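Okay, so chain A shows up in both of these, paired with chain B first and chain C after.
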Partner chain A sequence: MKYGRYPFVVGFLAPGLILYVLFVLSPFAQAFHYSLTDWTGITPEFEYVGLQNFEQLLNDSIFLRALRNNAMVLVFVPAVTVFLALLFAFLLNVGGGATSAGVKGIRGSGFYKLVFFMPQVLAIPVIAVIWSVIFEPTSRGLVNSALGQVGIGPLGFLSDPALALWCVMWVLVWGSVGFYLVLFNAAISSVPREIFEAAVIDGAGRAATFRKVTLPLLWDTVQTSWVYLAILALDIYALVAVMTAGPGGPDNATQVMSLQIAQNGFNFGRAGYASAMGVVLFFLTMVIAVIMLRISRRDRIEF
Partner chain B sequence: MPHPVPQSRRIFLQRAGVAAVAVAGGSTFLNACASSGGGNTDDNRGERTDENPFGVEATAPLSVVIFDGGYGDEYAKFHQGLYNEVFPDSEISHKAITDIRQQMQPLFNAGNPPDVLDNAGAEAMPISTLADTGQLADLSELFAADALGFDGMTVEETLNPVAIESGEYDGKPLVLNYALQVYGLWYDRALFDENGWEPAETWDDFLALCEEIKGTGMAPLAHQGKYPYYIEQLLWDLAVKHGGPEVAYAIDSLEPGAWEHESMKLAAEAIAELKSKGYMLEGTEGLDHIQSQTAWNEHKAAFITCGSWLENEQKEVAPEGFETTVSPTPLLDGATLPFDCGRVEAAEAFIVPAKAQNVPGGLEYMRQMLSKEGAAEFTKLTAAPTVVDGATEGLELTPGATSAIAIIDSGGDNNWNYYYNKWYTPMEPKIGSAVAELAAGRIDADEFVSRAQKAADEAAEDPNTVKRTRSA
Partner chain C sequence: MTTTALPKLGPEEASPPAGEVPSWERRRADSAATALSHAVLALWALVVIVPFLWALLASVKDSREIFGSPWRLPTEWHWSNFSDAWERGRVGEYLLNSVIVVTGGVLLTMLFGSMVAYVLARYEFRFNRLIYYVFAAGMMFPVFLALVPLFFVVQGLGMLSTYHGLILVYVAYSLPFTVFFMHAFFRTLPTEIAEAAVVDGCSHTGVFFRVMLPMAKPGLLSIGIFNVLGQWNQFVLPQFLSPEKPVLAQGIASLLAQQRYEGDWGTLFAALTIAMVPVVIVYLVFYRQIQAGLTAGTMK
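Showing the complex of A and B:
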């Protein structure tokens, strides 16, 4: 590099790095530190308790329940979201089939894109409130009045332990599909049209085109989405906190780790214990991110 | 939720790390500004006189932080006016907020808390942790001082006993719970008059009344099922009125088998009975306080469980002519307490932090709050009674406040209270879950009792829980 470039590069990197160290790395280090203490979060004093917080976590039935629920979300939400987003993106771009003008999406695809993206501009608490109202458990509720027409219900969507977590997961999927749709849409747009046209000319139907052409070409993007969605699934704090009974209920049916961290750290005055949960969550997130990337690794297709 | 599109796997993993911080959430962020510094405990007091029993420095500024919730903050401005009448040279900083914890926690950690704090609302700091860690100034001086507006009485003598009891930790008065809250079954007096109904005094009569109400197409009872605390009040009142306050003492003291008490079991059976007989508003176990209380205001249900803030909370929603009134909980067969009493709780926890700059000023401010004038103004502005006995005499009050004060007066020494939820915070959501399952008819009384007992045993065995005891 020529003389004078280093100060230039450093000048650009330093502010970001400093902020990163100050607000990301240092809180991490502190969380690890506090996880070994009995800090209440309220007073400056604390004592070191070794690994006692972690030991206690192993026997904390509510935390283990939260872990299980997070695992459920982790299995279903990324899979369903990616599937739906891919499917819709495919339909919007290629689903219209081939005409003399080439391959195109289904009719009105611009409008659909807008509609799918809409939830993305709403804040999560707003989404949570809207869906709480839609899921109202009396016969006046939107879904329940529709179900009532065909003689079902009313169902307690968020008040029945068997349904509540599914309802929350559905809202998370609903709120996420639009973003990934746009992401996949952009990825498809960057694939040369000729590839799709060649597939169509070779007689591939919609399903075959999707499976054999679209999916492999978009694999990098799908992989990315997968990790992001996994992280989202480990969080879902806002939705659960606003939508569910308790929150985290009924009967811990929607209890998740992030909620337990907040409760212990703030409501129970057990910041040390909550930090231990945060440390566990940190490692889980890292491990899952790595696993997700490993199992989805494939050869990259250049075009 | 919008995530940027990553360029490479490496950036990606970095971002995964960032997101993990976001996921790990508040706890780590909080740590960024966490424990540091000590506090100023320097107690510069002026001369103590009869007018100035705590030796307040006349020019010392006073900082007051009020929870701006259901009671608003108008009353606090009035109290500050009273304080300034005594100390006109003291500059008062008034702050009304709702996120108490977020704003106050860093100040406590830094040893720089306000002089008076109204630690209330959903975002209040855990009060027992504050007490156990020595963050609260001793209020003994305040309670022993002369009360303002009551000739020759000390502050303590003017207060409802629950005010002292609820503020004591390890025998020391540390918290001033200012407002009295009365729990019971709430109904619309006008509706009941119209239908010739009368709130029942015994459980059998109550069931008969429920049957009659149900016959008109109205649900007999609604509750705020999303928050089990409300229906838990009915359970508690049934149990304690049946077995006496010892039921509450045993539970609060984490005595083995306390929840398995006969009275608690009968009360749980009574709740289950309301559900199984179809006396609860359809879907009420999934409604929040706004939805359920609005349904009750719309006469979709005759009774609702709640505390005495209900009338004020619903005043924008309640239709013209709606007379919010509270009835004591009916008595199960063999009850030991009379009908006309109930759970009377002192709430709205005012504290003077031990490390406050102006501790004597904080105590004096509380004395002004507890003066006859100060307490009466609070009730006038909020329709809620205070812990100051007799401060509401001669005030024109709403039907809700009148009926609530009637229970305070008629119940007298029979009024009771429980504290486990404030003493053992991690236990409360476990009990709440079990109560919600009971009220939704998903578990029976036996299972409720054993689940509640298990939660209590876990609290008793937890090394990080400070155990407390109560007795008559």
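Showing the complex of A and C:
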């Protein structure tokens, strides 16, 4: 042990560790604790109520609605995003010609990547505001004025309970596709080109090369993306909070768990109850991450 | 994720292998496929870019023209929308708040994060693995679980709606990924130079600041970009912890609510433009580093 090592180690760990314990670990631990109480968040005193909050959650129709909406987002957003990102990655990589399939790429692929990725660098409220004006329910909204030209509408995109959640999901997909495209594309470029050349020499066409060679090599990346998108779907908040009426409306059609936690915790004086929702969200996140990683686990291909 | 750069093939090597000369039909099918690929990709490019162009155009129109003739240039350019947004819409104030908080937040995140990561990566001591896993686990926690108690922690410290409160919370929530990323990076750096510095009488602290940090520049750049964008776009934390001192993302959201009521849409779009343009310019200049930095984050 060299002189002065321990003070150094402790000194270097201290600032980061103190902040992390104070603002991250302790609130998480407290949330588990408060989930067993009837704490209002307004006055300091509270009673322990056991699992009563969780029982109540099972009968809370708004929370169940939120859960169902989160499930919808969880199913559709990752599926559509991964599908589009893979499609675009396929087009970028095989559109350029069969002789160098998967490597040469289409002309202008840099431009496409530049544009597709752009929503990713902007704050979600910025995107949400633009889209909520585009989706204006009256005929003056951008989409509605276009639909009006062909004699449809006007549709109440964000004011119709049947459409509102789909609009929110669309914006989430719209903003995410570029990120995953760039991710998949980077994974494709890291595959040695001999593999693609071998496929071409063996007479594989572009589509076959993509399906039989590129996709299996990409599988690891796709599976990680799926977990990321699932967590994003469970955590969805800013889009709903900015775009929808209420927020969460119309008629709870866009309620999601994060919004319920915020409303119960800060507006309705039910901090204990909101913490119980947070605990449910936590376990769902964990379960989904584990399940996704198990289901999609295939033999990893090393190269 | 492996990002090994592959050598570009020369002209001879790129030509089709002998005996594999594409037939005329094949070549025609190829160019048809290429055209179709371009059509699909260009369509999505339009879907992405049109909303931004429309918002840009709307920032110099009045409310009537924004909705009445969305695709025409304004008959009269309403530059006053920008001064309205800046002063009456308080965008100038929000922008300043964002700049202060993100500057402080990113600098402290990088400093504290690399310090923790370095010690965990390069020194053996009790609880090293435990501390590492506790930090790494933070990447998986949904922030909404912590939100309500976090509010009361920050309130208890008297830090609601303060710069330092927001900065410290940003740092705490950026640490897990920063520590995780820099830990992996410090592991890849060679040990010889640090050892030589120690032999020359350099202290542990000196080795870190004068030898290791300069060597870690590429890693610091990637994680720095990641943190700048992440903290600049942060919305959930300030929404609840800093209601009286809104950052730009919050300000934009509240302007939407306000303009719905007042019907002054030109001001809203001018505010959006002020929020978007600097980020887009930074993106266009550094887009390779940004794309690499953000995606590298996911795959570690």
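Note that the second predicted complex is superposed on the first by the 271 of 303 C-alpha atoms of A that agree within 3 Å, B and C clash if a C-alpha of one lies under 4 Å from a C-alpha of the other, contacts with A are read in each partner's own complex, and residues count from 1 in each chain.
Following the convention adopted for this analysis, a contact is a pair of C-beta atoms (placed from the backbone, for glycine too) under 8 Å apart; a residue touches a chain by one contact, two chains touch by 3 or more.
Here the structure is a predicted model, which means the values were calculated and not measured.
Applying the stated contact rule after C-alpha superposition, one finds that A:V242 touches chain C and leaves chain B untouched.
In the superposition on chain A, A:S159 makes contact with chain B only, while chain C stays out of contact range.
Applying the stated contact rule after C-alpha superposition, one finds that A:R5 touches chain C and leaves chain B untouched.
Looking at the shared chain after the overlay, A:I261 reaches both chain B and chain C.
When the shared chain is aligned, chain B and chain C each come close enough to touch A:I124. For chain A, the partner that touches more of its residues is C, with chain B and chain C as the two candidates.
Of the two partner chains placed by superposition, chain B and chain C are both touched by A:L234.
When the two complexes are overlaid on their common chain A, residue A:A31 makes contact with chain B and with chain C alike.
When both complexes are overlaid on chain A, the residue A:V115 reaches chain C alone and has no touch with chain B. Residue contacts after overlaying the shared chain place A:P137 against chain B, while chain C stays out of touching range.
Shared interface residues of chain A (contacting chain B in one complex, chain C in the other): 22-24, 26-28, 30-31, 34, 41, 120, 124, 132, 136, 141, 179, 183, 224, 228, 231, 234-235, 237, 258, 261-262, 265-266, 271, 274-275, 278-279, 281-282, 285-286, 289. The part of chain A that touches chain C in the complex is made up of residues 4-6, 8-9, 12-13, 15-17, 19-20, 22-28, 30-31, 34, 41, 84, 87-88, 91-92, 94-100, 104, 106, 108, 111-126, 128-134, 136, 140-142, 145, 174, 177-179, 182-183, 186-187, 189-190, 192-193, 197, 200-201, 206, 221, 224-225, 228, 231, 234-235, 237-238, 241-242, 257-258, 261-262, 265-266, 271, 274-275, 278-279, 281-282, 285-286, 289. Within the complex, the chain A residues that touch chain B are 22-24, 26-28, 30-31, 34, 38-46, 62, 120, 124, 132, 136-139, 141, 144, 154, 156-161, 175-176, 179, 183, 224, 227-228, 231-232, 234-235, 237, 245-246, 248-252, 258, 261-271, 273-275, 277-279, 281-282, 285-286, 289-290, 293. Against chain A, the residues of chain B that register as touching in their complex are 1-3, 5-6, 9, 12-13, 16-32, 34-38, 101, 105, 108-111, 125-126, 128-130, 133-135, 225-228, 281-283, 285-288, 291, 295, 425-426, 429-430, 432-433, 436-437, 440, 442, 464. Against chain A, in their complex, chain C makes its touches with residues 1-4, 6, 9, 14-17, 20, 22, 26, 30, 33-34, 37-38, 40-41, 44-45, 47-49, 51-52, 54-55, 67-68, 70, 112-113, 115-116, 118-120, 123, 125, 131, 134-135, 138, 140-154, 168-169, 171-173, 175-176, 179, 203-205, 208, 229, 232-233, 235-236, 239-240, 248-250, 252-253, 255-256, 265, 268, 272, 275-276, 279-280, 282-284, 287, 290-292, 294-295, 298-299.
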